[in-house]
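In the two complexes that follow, subunit A is the common piece, with subunit B as its partner first and subunit C second.
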Partner chain A sequence: MDTVAPPARFDPRGLVELDERVPGTAEVDGERAQFDARELTTRQINLELRRLVYELGIREVTVHNPGAKHSLGVGILARCRITFAGSLGYFACGLIDGPEVHITGRVGWSACENMMSGVCVIDGNAGSLTAAALRGGDLVVHGKVGARTGIDQKGGTILVLGDAGSMTGFMMQRGRQIIVGNAGHGLGDSMYDGTIYVGGKVASLGIDCVPGEWTDADTEFVTRKFTIYGLGDPPELQKFVCGKKLYNYDSLEPSERKLVL
Partner chain B sequence: MSETEYKVSIDAEYLAGRRFEYQEDISQVENVDLLAATPGPDINWLEDVTLLEEDGVPAVFDRYSNSFLKIYFAIPPGREDEIARKVLIKHLESGNSYGITLKERHCKFPQPELGPWVEGSKMVGTNWTAPVLEGWEAPQH
Partner chain C sequence: MCGIAGIIYRNGNGAHRLGSDMTRMLQSMKHRGPDSTGYALYRRPTAELIMRIKLDDGGSGGDIEYADRLKRRRREVEARIRAAGARVDSIDEINEYTIAVGLSYDGELKRLADYVESVPGAEVLSAGSALEIIKDLGDAQSVGTSYKLDGYVGTHGIGHVRMATESDVDISNAHPYWAYPFSDVAVVHNGQLTNYHQWRRRLERMGHRFASDCDSEIIAVYLAQKMSEGETLEQAMRHSLEDLDGVFTYICVSEGALGMAKDELAAKPLVLYEGDDMVVLASEEMAIRAIIDREIETYDPYESEVMVWTR
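For the complex of A and B:
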């Protein structure tokens, strides 16, 4: 008997995972669920997460053995709690809006890039470009972060308990960073706005990044964030802001101004 | 607006074609719970939302539609940012943000229509298909 084979699905660039079947392997217990990601691809893990959060309305998901795969937990646009029991690769939890994420291991570069709102707590270290273009929400890294952390940051809070690499806060436009450890060369280079607090030594300041005057609002903000995340009393911090010599949004077109709001 | 008319500031009511009650009546937003409306134990992303001004009128910026939402009622002194945040959350939870309208029409992957602001809102983007250009044929690889 002749059979007609389904049309071959082929991505000549090799960039797309064509298997879009939802694995449906999670164990669901009321509003909680967990699943093992060891044998799943990136796309399958993300599809399973969306099935649980969007379709079943699960509010607490634990992903075991994420295996440092890239692009996990991306684009979740709902309130929920997600725990990754292990380490993640590049672009972890990017573009999220609402979730509260806990990663018990390390992450690669660009974790939480473009996060709109939510919370992400990383127990280990994070790579370069952590929280690139962060728009809102809190990112807490218990370890160290790489270069250009918070590049193009447009809002939100980055709290790092360890050291930060070079060019941290590069072209930062709004938001806040608390670096408890040391900061590398070029801190806050070409920043437009925002505030950077540093507890350790700063190797060098970037262009137009200058010391700022400490106010009661700074004390309230730092103390509140340390309290929320159970970090005890905050250390003594130096404050850095934009010197307003290099860039000034007030002189730009209205549409340019909107880009950072 | 005619095609030749140039408008610099596009506000939320221009996009929606109407003004909303919560822009004119503070009692409409007084009961908005900012902590409940945001992830985490504080107001999270709303920390970056403050009262601004557009066309000389107090306004809050809606990042989901890239437009200002003007506030026409008198804002009690000392509560400027709080009221701005409440008006914005009311706007988002009501589904009146133009960005939400665009979601219904154009989003390419399944997502809750009202995002993280309203629990259990309907899903949109579940049946999106790529448009096909007339006369175009897929390459043979």
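For the complex of A and C:
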């Protein structure tokens, strides 16, 4: 009896991209490469990026026309420079470890989620949950960001030149945020540790977030970050830290606790 | 999850390809909701009232009397429209279970709509001089094709792709919702309302009817109630932020305006593009890019924001 073997993977609703072919359309010029993402799917764009960075060892990639697609540039674990000439959708550049990313447009929700190290500079606005669970590296947003920026942040620096939405720094555990514009309601709500600097007005402070004492180390840190990204002199900032009224935890990572013991 | 979208063209000559623009936006958000797709489309207001009536959910289900029953139902609906004192100018058979009736009627819209809906199985999807609501199961491509929306020319509109969470997958539970019995107002919603039953009981006591078990229908009926108390669309939307609990971003349209409202947690996304020629809103920027093929500047409204644009 003739039977047609079912495809190995099948998505009846047509929502998943099963196509795993690397497009291989990039123009490579020595250490540099660029490609047009207009006609490519999310998966193809990410596969092409991986081919260039991992297989060909290219250190400078430009992606044209990303068209606000989701999940682009996710999980790149190598030192390289990636430029997205345009806007990205949700979950842009999540889980990256090492790259210097430059996005000339805006990003949607959850950009640079769980970034481990590297730099991400966004010229436009960013959506909510930007840099959720950030662990290291720098994120610079030239526009404004949505709600819950740096929720659960565990390290690294978030620098926002515009305004930030509500619950910025919610449950933040470590790291620093510099918000040059205004911050929404519930700033630093339930934060454990870390520092938030705000240049504009704060609509309201969250539970157990209190103004902190400004030290020379703060001036040095802020000035250094502004200098690195060519932003001139930093404006006057207020500092906010955890009041530690609800604080029943030690601030050590499990590996650090071992060292202390 | 659900995806919502809205377009309002700024130069109001009404000759924009609204149907195909909306289909492209909704199709690009198919991953947010593949269960059903709906449109609320507006054209230049006409002198007559257009009433879209659903006679059945479609699909005979093996019922041999299905065709006869539909015919009987349609006859009954037409008879009741006439009996309520309306003059039927045209009847457009959209598909086997949907009709669009053009009529002249000076009386109270609620009386007419209630009378039509007293035919078992019949539901008024929308009524107004400019509004038409089109909704069915499937993605935007299939709904757009089967309802021939590609050539639909209009001034503004909203759309919705649904991922059902709280209620059944059928046409009655699909968005947009008409603000029954308020002509020319419709709503699409992304989120969950937690005080649905409370508000439903409250509004039912005031005499409103609900066609579905979907929490989003509350928003439409709530706005209708507030507007019948004399509030403007924007005032009613602002009050809804206080009165509705849960997480929501909704887009609401009337004959001349389109507005959005976001809850105080900013829990549901919305991306906004304000251009010289049009204002476009969608749950994802991808949807806006489906109709604007160039780099554009967009932003997300903050929590508790209400914005309204007029055409």
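Everything below uses one rule, namely that the second predicted complex is superposed on the first by the 237 of 261 C-alpha atoms of A that agree within 3 Å, B and C clash if a C-alpha of one lies under 4 Å from a C-alpha of the other, contacts with A are read in each partner's own complex, and residues count from 1 in each chain.
Methods note: a residue touches a chain if its C-beta (ideal position, glycine included) is under 8 Å from a C-beta of that chain, and two chains touch if they have at least 3 such contacts.
Since the model is a prediction, treat every value here as computed from it, not as a measurement.
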{"item": "Touching partner for A:57 - first (subunit B), second (subunit C), both, neither", "value": "first"}
{"item": "Partner chain in contact with A:109 - subunit B first, subunit C second, else both or neither", "value": "second"}
{"item": "First (subunit B), second (subunit C), both or neither touched by A:138", "value": "first"}
{"item": "Which superposed partner A:147 touches (first subunit B, second subunit C, both, neither)", "value": "second"}
{"item": "Subunit B versus subunit C as contact partner of A:169, first or second or both or neither", "value": "neither"}
{"item": "Which superposed partner A:73 touches (first subunit B, second subunit C, both, neither)", "value": "neither"}
{"item": "Common interface positions of subunit A, toward subunit B and toward subunit C", "value": "none"}
{"item": "Residues on subunit A engaged by subunit C in the complex (per definition of touch)", "value": "13-15, 67-70, 86-87, 89-90, 105-106, 108-109, 124-125, 127-128, 143-144, 146-148, 165-166, 184-185"}
{"item": "Of subunit C, residues touching subunit A in the complex", "value": "30-31, 34, 264-266, 269, 271, 284-286, 288-289, 295-300, 302-303"}
{"item": "Contact footprint of subunit A on subunit B as seen in their complex", "value": "8-9, 38-42, 44-48, 52, 61, 63, 66, 109-112, 115-116, 119-120, 123, 141"}
{"item": "In the complex with subunit B, residue positions of subunit A that touch it", "value": "10, 12, 50, 54-55, 57, 75, 77-79, 97-100, 116-119, 135-138, 155-157, 174-175, 224, 228, 254, 258, 261"}
